[in-house]
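By letter and in written order, the chains are A, B and C; residue numbering begins at 1 in each of them.
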């Protein structure tokens, strides 16, 4: 569907209903300004930005929760939070960071850059894209509304049965959690199908799969992981919902249930989810490292295939989260070995990144610093991961702070650093302004030092035997000397505030840049991939003409040529030249999909429907009615508005073509 | 669901390239159905784990009425055939026949749902409530989920028909019918698996 | 094109800090006096794990240091010093293949050792003693089934401290009465979850007499942090004494003592949930506790011989005052047995915590004990409620409990 060439005159479109008539009274929104422009938009770039904003808000929420946790644990027998509050806090910290920050922020990048990187004008299903966003927002609201409606979920993000049952978690927190995650899950599923179709079907001519940017590749792998893992967690959530709200006994041991059923279902989703979180970070730095090393990615096919095989093997390692759960030795051995196996493609990636920089001409921008930070920190996290794959050793480490250290090195050092690298790299593309490099440097150094201060000591705490998820730790078990809990817990807590200052620098940077940031040149980084062939910020239709691709790193190869004699690279054009050339040869007849009310209405309907589980059938019926209405409205609304409803997206520039057509 | 199914792909219609040769809608539908496989996979696994766990109420073997369910399964199977006919008619641009076959398909689907409602009420009367035992909960969850899928399918069939009749279709008509067909066949195939595993293989 | 200032700091600082952190990890193995240190094995099972860790951690450390050093070298060597844009090479397949095979080989070696250890640690046929361990919110019950060769002629039911003989291959049969818990004594073995409806096996063996700390490691609700355990290893002779002590018949306090009045308070208040073997009601019939009627998990700690243990309330609190406690914990392995078997004397009793607990248990340990909030459990408590005892009652009870040797 997407952005299309206007059908030329000989093609008639007889069956298209006039949009203003769709569902009678409600007139379709036309491109407008102000808040409406955002609320009803189907533009992948606006949706991407909104994903980013939403994710950033939840990043701050989750971060505050983390700080409260660290305050509580700074000293023995902490009194900042009660046991109940602490349990809610760590549950919601993990849930928020994973489902409401990491996934949506990766979604923000994917939404914005994936069509640009493959030379498309939008995603395959723009309205579904909007629906994904709004469902995510509704899911996040439902999840967090529980704070004000009797307490948040308190069973940990893994929500092991039977502790998640109605008896053991009597507040409504878990109900909201189950609903919020189901709604966010639907959002992710729709989003992932949308992105897969976009990548597989809408690449610019000449862009074969092996000429695709690595970021796009990693996002593609992630979406496949989501498509096949989300339904499994959905089943688990539905079973839990039936137990909590409708009296079923799926996890009630007194009825003969097996609590390990939940663990298997959860981790069959949960482990691929880990790669869902990390691969986008890998993708981002696989763009940043080559750009600032002025070299193509070393071993592109190996990086791509290792990404794909990480995804594939990622479905076969889930039980390594259950080494202490009482599986037989044979299963433990098998999952132990498969977990070691997954270290190999991961190692391949690290070596390829290092070899990308080898022999390069490295330019240390903030984006590059974060990218290198990822390589270094992820290496540490990856190696501590290998120590867990050794199952007997893992039985000493699992559920201690050593694990907390490991996955924060992987997820914070890996994913978050990747995302921040992406912020600095692509900010000029999205907003046309460069983030301040000086503040960026402060941002980076505070984050990298804070992160190591926070999570480094947790290795020690874990090996000293401090279990996780404890609302207090006690002097009696703290030990003495250099390695006692007291010192390192304090260091970790101080580190978390250093880390927060780093993130504060980023937020300040954003504000300052927005107020009076430097206007970015069209190609500030001498970049390599297609998104830079669009203007900064890109026009609503992305490309003035659909590029034809001949190379991996197409944009770079349009700028540089290898000298046949000296084998050195010679610049033949600047980015500005290329963009001007595209503008001069712009396509006529570009039509964009029109904005629509229905994604928002449908998402709200789904939210109300979900709340019906807690608040009773009438609410549910009302929600269902809204969903049904919105679905029909959606189906009857053509994706591209009739010419009479069409308004120019960007004032001039294309008003000429648009005027010609109506 | 309905949204995806009737979403139109102008890009593919109007000769804009599609790298795989499959239209966006069809590709999306295949992905969605792939995802659904795992959804039913999870529910079927739950049922297989719990089918023997009865502390209260009837056991599976005491309650299943195989001949009855066989008949309703046959009805659902036949609806796949009529769906194929609907798709062929749509491809030949024959609106009347398309609508006829869609109606029959919807009727057969509704008959299956009617059978399921009858089956559920009978079971309930024989003492198998949703919360009676782990077996009953997992049985109703699995077959209920499937029933909801069939019901949504029926709604989709009827809506497609209505839209074709009022000539309000927003895309390639035969493709819309084909998409609904894909979904419908999937739901049928899932039922064959469920029927075999639940009813035919003794626990 | 260079619109952004070239930031030229070669950033080796980062790699040195990080290498430092990695180094510290190894030093963590040398920590002193950390009761839950995972690197100080005190028995053959934990030793097996420790041996494996001494293979894996150094390998990981060396690989880490090499990779980080390489990263540092590259960052410095190839910083932009005005060199021309490099040739656009796309990689060398041979390098890729080598870099795939080398880690694979290293992991194969690790894998072989891992494999052996997994199956060694799962063995059960060499068991010499069985203890049933049952977790519930938020304490562990230890049930010693009849094993005449060890002198256990009637089942012993205890809590707070697991007592076992040294040099004996003990097999724990773990389960739970409510949610999932996990049993972990780092000095003796890795952890194993206690899952309701299932029995999981865990080998334990201690080399020398001593006391080893542990902690529930599967999140189990409000007081997860307070669900601790202590394993006590006694020489075989001392263990026989302990067994005999646990099987000693109940003796009621002498008439007219404060303890005797305490027995009456206990009969009125505590016996609803807490069993004391041999205790008789005023009419001479046995006083049988019925925790299943009052507590959701259906169990409360059996308090027979309470003063032979050093902890109470799920090992959250010590029954011994601080100096008496260190006396036991720091004892040499030769002296340990005698000191432990001495139990809790009146002068060593941690009166403060015990009295506070009796006064208002939920204030001491987060539990679901608010009677107004127990609709979902049908009025049953999870944990000990506030019994509203008077100070007088508490005096009596403490005097009585001190007689439970």
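We adopt the following convention: a residue touches a chain if its C-beta (ideal position, glycine included) is under 8 Å from a C-beta of that chain, and two chains touch if they have at least 3 such contacts.
Given the structure is predicted, the values throughout are model-derived calculations rather than measurements.
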Exercise for review: Give the fewest steps needed to get from subunit B to subunit C, where each step moves from one chain to a chain it touches.
Suggested key: 2
Point to revise | Interface with more contacting C-beta pairs, comparing A-C to A-B | key: A-C
Practice item. Averaging only over C-alpha atoms, locate the centres of subunit B and subunit C and give their separation in whole Å. Key: 51
Check your understanding: What whole-Å value do you get for the distance between subunit A and subunit C if each is reduced to the mean of its CA atoms?
Key -> 38
Point to revise | Euclidean distance of C-alpha centroids - subunit A vs subunit B, Å | key: 32
Review point. Of all residues in subunit A, which are in touch with two or more distinct other chains?
Key: 256-258
Check your understanding: Okay, in this complex, where on subunit A does subunit B touch?
Key -> 1-2, 4-5, 7, 11, 15-17, 124-125, 127-128, 131, 189, 192-194, 196-197, 200-203, 205, 227-232, 234-236, 238-239, 242, 246-250, 255-258, 261, 265, 602, 631-632, 634-640
Point to revise | subunit A contact footprint on subunit C (complex, rising order) | key: 1, 3-11, 14-15, 17-18, 21-22, 24-25, 27-29, 31-39, 46, 48-49, 52-53, 56-57, 60-61, 63-64, 67-68, 70-71, 74-75, 78-80, 83-93, 95-96, 99-100, 103-104, 107, 110-111, 113-115, 117-119, 121-122, 178-180, 182, 184, 186, 189-193, 195-198, 200, 213, 215-226, 228, 296, 318, 366, 368, 373, 375-377, 382
Check your understanding: Which residues of subunit B touch subunit A in their complex?
Key -> 2-4, 6-12, 14, 16-20, 22-24, 27-28, 31-32, 34-39, 41-43, 46, 49-50, 53, 55, 130-131, 133-134, 137-138, 141, 159, 163, 167-170, 173
Revision key, fill the gap. Given the complex, residues on subunit A that touch subunit C span 82-84, 87, 155-156, 160, 162-163, 166-168, 170, 253, 256-260, 293-300, 302, 324-326, 328-329, 332-333, 336-337, 340-341, 343-344, 347-348, 350-352, 354-355, 357-366, 369, 372-373, 375-377, 379-380, 383-384, 386-387, 389-400, 434, 437, 441, 448-449, 452, 456, 459-460, 462-473, 476-484, 518, 520-521, 523-526, 552-553, 556, 560, 562, 567-569, 574-575
